[in-house]
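Letters A, B and C name the chains as they come in the text, with residue numbers starting at 1 for each one.
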Amino acid sequence: MLLSSWSIALLLCGLIVLFLMGLAARSAIRVLLYWDPASDSNRQIRLENEIWLTSTLVEYALGIQIISLIVFVLAADFFSQSIAGAMCATGSLLADSYGVPALVVKIVGVFFYGFWIVLHQLDIHSEKYPLVRKKYLYLLLLIPLLILDLTLEILYITGLKPDIITSCCAVVFGDTTGGGTNLIGGFSHGLSMGLFYGTAGGLLCIGLFLLKRWQRWACVLFSSGWLWFFLLSLTVVTSEFSSYIYAMPFHKCPFCILKPEYHYIGFVLYFALFLGAFFGMSGALVEPLRSVDDLESGVTGYQASAVKSSLFFLTVFVLVSSYHYWRYILIGGEG
Amino acid sequence: MLIELTRVTKIYNQGQVNEVTALKGIDLTIDDNSMTCLRGASGSGKSTLLSIIGCVFQPTSGRVTVAGKQLSRLPDRFLTLHRRKYIGFIFQTFNILPALTVQDNITLPLIPLGIAPAEMHRKAALLMERFAISHRRNFPASQISGGELQRVAIARALINDPPLILADEPTAHLDSRLSEEFMHFMKDLKSAGKTIIITSHDPLVTEHADVDRVIDIKDGRIDVA
Amino acid sequence: MNSRLTQHLNILDYALSSLWRRRAKNLSILIVFSWVIFLVASFQLVTQALTETATSVLRSTPEITVQKMSAGRQIEIPIDFSRKLAAIFGIQEIVPRVWGYYFDEVTGANYTVMGIAPGRMPLLDRLNLSLEEGGRYDQGSRGKVVIGRSIRRIMEEKGSTLLSLFRPDLSQTSFEVTGVFKPEVDILTNDLIVMNIDDARDLFAIPSSMATDLCVYVANPSEVATIARKISEALPGTRVLTRSQINRTYQVVFGWRSGFASVCLLTALTAFVILAWDKASGLSPEEKREISILKILGWETADVLAVRFWEGILVSGIAFIVGCTLAYAHVVFFNASLFKPVLIGWSVIYPEFRLVPSFRLDQFLLVFSLSVLPYLAATVIPAWRSASVPADSALSGM
């Protein structure tokens, strides 16, 4: 399927990101070798200018990576038209063994690039640029991830053949008896709903507490809570909420909610979840930087706004994802 | 705004064949609310000195302290942040963008500060009133006279209400009447509490009654003779 | 208002005026960019429309089709054969089908006649859905047909209300038209006449024990290959076609065409990106002076970069809207006439069909990532170069 427009768009996005990050890496190596804040030499002036170049490059790369994540899921959905047994992205992602790893690496990549930008913003808040070396080292470490991403993507696309037979969402996520392939049937309905709303409520309480009084333990709890909530939400959206959105009890799929038939509700839902999780988790990740020279105020400022944003997106996510569920519970089915 | 320079040197292209030493160990203190003139032939280093005070670039060595804040050794970004808050520039060639209107030229320094357009226009209107260029507000800068251009340049330097005004050879392209007018404006600014530094070798400026101090620069040093 | 937001609005405003000041230079970029987006988007719309149609063709075909072969040619198959297959486990339904081509000597047109067994073919459920308002296909009642739009046009020209066809012995038979297919499915149904299987046998003079082929429906897609093998073992002398074989043939033909066209489009895109890079990196002395003035007045490198970013977004946004609108008009109103050579395979078979693309969000995103993203990536380095013009070049006498 290498020659479909979707594959070409995906590969193009991948190559652009690689190109941008490659340029950024070139600057990173120069900065790591020659950075000397005490000098006013032409080289130092050029390096200071290159900081803007790298940050712009990474910002563009992040933007394109986010778009390419969406394109990836939509492409998988498109491929399902010509794969036997696949009705949506689930089927075509499972059609060869590289689909799901490619998706996971892409999602992880988005979080990592985003965190680089957080580091960069903290760094340029301080007159000493105390994180310069750390952030460029980190940037160099992103390159292998990027190459892995592109490789998995190419392996996935080339491995797709129209005559592959795969299982789709109804089989994979459905809780009907018989199929041994059910991925997430382990939880009972009540337990997963309880966990979902319980964790969301807990996160809200810790977040509000953090905004009143900053405690390191609470911050760590908040961030790890978000990691748990992120994974939990992905399963709960798939196994519980999605069938209420589709209004079909046996249709459980994390991808079909992205389709126009469901008013693109999935985009709102996942954007809120991803942003919330990003802000929630990055709060604790920057905590160790508090002790770094001159960064205290920057870190405090970032953490406060990160907690606020994550609570905002948490609320949006919970409201949007449970809307159909509660409507069903309160009003009943169609009508 | 008290400015202190301690053993400030500036070497361009250090370590290369075209290495030029522009400043050689300048020690200088400039008082708050004063008008100072830096005098010297072209190539003497006075513009470099002005640029270092104006946070356009860093000295190679030495210390620059403005209002108690150490400015040397700051990354470029923080020099810019300092410059846009505290310093107004007036240039020899005025550096007005000819395609923009008078008003847009004056509000240029406010754009990156995130000030609402209405507020920008209000500030600009006050200054245009003060310098009698309100009737030119929507004219492209390419269509106004030299005297008006000069007043646009001053208005733009004042739009942030900076405590320090730096003027680089401001009268070089002006006739004597406009030079007089320029010095008149500077006198008003000084009485409004601003600190003013002008580079010039124009007697009209250097011998002006309101200039508190003339510093001679020669070959990158302060000439005390 | 939030000051960062105001800052960006101010910078956006400045970017707009800056674009306007250099309108000659930007207009040429805009025109070329719109053209490239127009090509990419038209191509995408056409392939999208064709793929959707082809997919629905495949969806309505049975999992397995059994045909009898003799001397390498397809001949009629006895319906009895289906009894021999009944023993194969996993087969849901076996339905005989009669189809063929009918040459209308009066108009010189070729029709496709499809006779289907009433009430037994899953296809029928879909049939009523693809009929125009008011039309209905009566399952099982003889003498009634549904037809494609070009056949109705011919009937209207002749002014007849009944569809009259001739049997091989030149005796005439007439059908009442109960429905006409929607234009959306023209590519499939333009020349199609759907009737009762017995009517079709009567028309083509086929004995009632025979059919053109047998459609085998299978419940579980993963068993198709096994069942197909068993069928060909049970019925020597038949050809067993599975849907995925047809699909693969289609993929090869269609994939090659669209891939070839994509490569051509990519070449155009590359040329454009080089042009964009070139235009963006040519920094005139005036632009250089403008940037150094801005910087000495307190603009950060990041602010100038933001101006360049907004300029890029504005140019590509306008080009995107213009290009997509033109592409839609091109495909819907002009039948994608620019792509006729690429689509020649279809236009020969179906000389007159309307493409009705559904322009969905994912199509926009696809075109966006094939055009706007490369442009933005190509302009980022030149943008940074221009933003890193030092402030001190605005000063005199250094």
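FYI, contacts are C-beta pairs under 8 Å (C-beta built on N, C-alpha and C of every residue); 3 or more make two chains touch, one makes a residue touch a chain.
As the structure is a prediction and not an experimental result, all values here were calculated from the model.
Undergrad: Which chain has the mean of its C-alpha atoms lying nearest to the mean of all protein C-alpha atoms shown?
TA: Closest to the centre of all protein C-alpha atoms: chain A.
Undergrad: As a test of understanding: of all chains, whose mean C-alpha position lies farthest from that of chain C?
TA: B
Undergrad: Determine the centre-to-centre distance between chain A and chain B, using the mean Cα coordinates as centres, and give it in whole Å.
TA: 49
Undergrad: When the centre of a chain is set as the mean of its C-alpha atoms, what distance in Å lies between chain A and chain C?
TA: About 32 Å, centre to centre.
Undergrad: Let me have the rounded angstrom distance from the C-alpha centre of chain B over to the C-alpha centre of chain C, please.
TA: Centres of chain B and chain C (C-alpha means) sit 64 Å apart.
Undergrad: Give me the residues of chain A that touch two or more other chains.
TA: 45, 49 - these are the residues of chain A that touch more than one other chain.
Undergrad: Got the chain B residues that touch at least 2 other chains?
TA: In chain B, 57, 76-77 touch at least two other chains.
Undergrad: Residue numbers in chain C touching 2 or more other chains?
TA: As it turns out, chain C has residues touching two or more other chains at 301, 390.
Undergrad: In the complex formed with chain A, which residues of chain C make contact?
TA: On the chain C side, the touching residues are 43-44, 47, 51, 55, 221-222, 224, 243-244, 247-248, 251, 255-256, 258-259, 262, 266, 301-302, 305, 309, 360-362, 365-366, 368-370, 373-374, 376-377, 380-381, 383-384, 387-388, 390.
Undergrad: Note which residues of chain A are touching chain C in the complex, please.
TA: Contacts found on chain A: 1-6, 8-9, 12-13, 16, 19-20, 23, 45, 49, 52-53, 56-57, 60, 64, 67-68, 70-71, 74, 77-78, 81-82, 84-85, 162-163, 165, 260, 264.
Undergrad: Given the complex with chain B, which residues does chain A contribute to the contact?
TA: Residue list for chain A touching chain B: 37-38, 40-42, 45, 48-49, 124, 127, 129.
Undergrad: How about chain B: which of its residues touch chain C in the complex?
TA: 22, 42-43, 47-48, 50-51, 56-57, 76-77, 80-81, 83-85, 89, 91-93, 95, 97, 99-100, 104, 108-117, 120, 156, 160, 168-169
Undergrad: Within their complex, state which residues of chain B touch chain A.
TA: 10, 13-15, 57-60, 73-78
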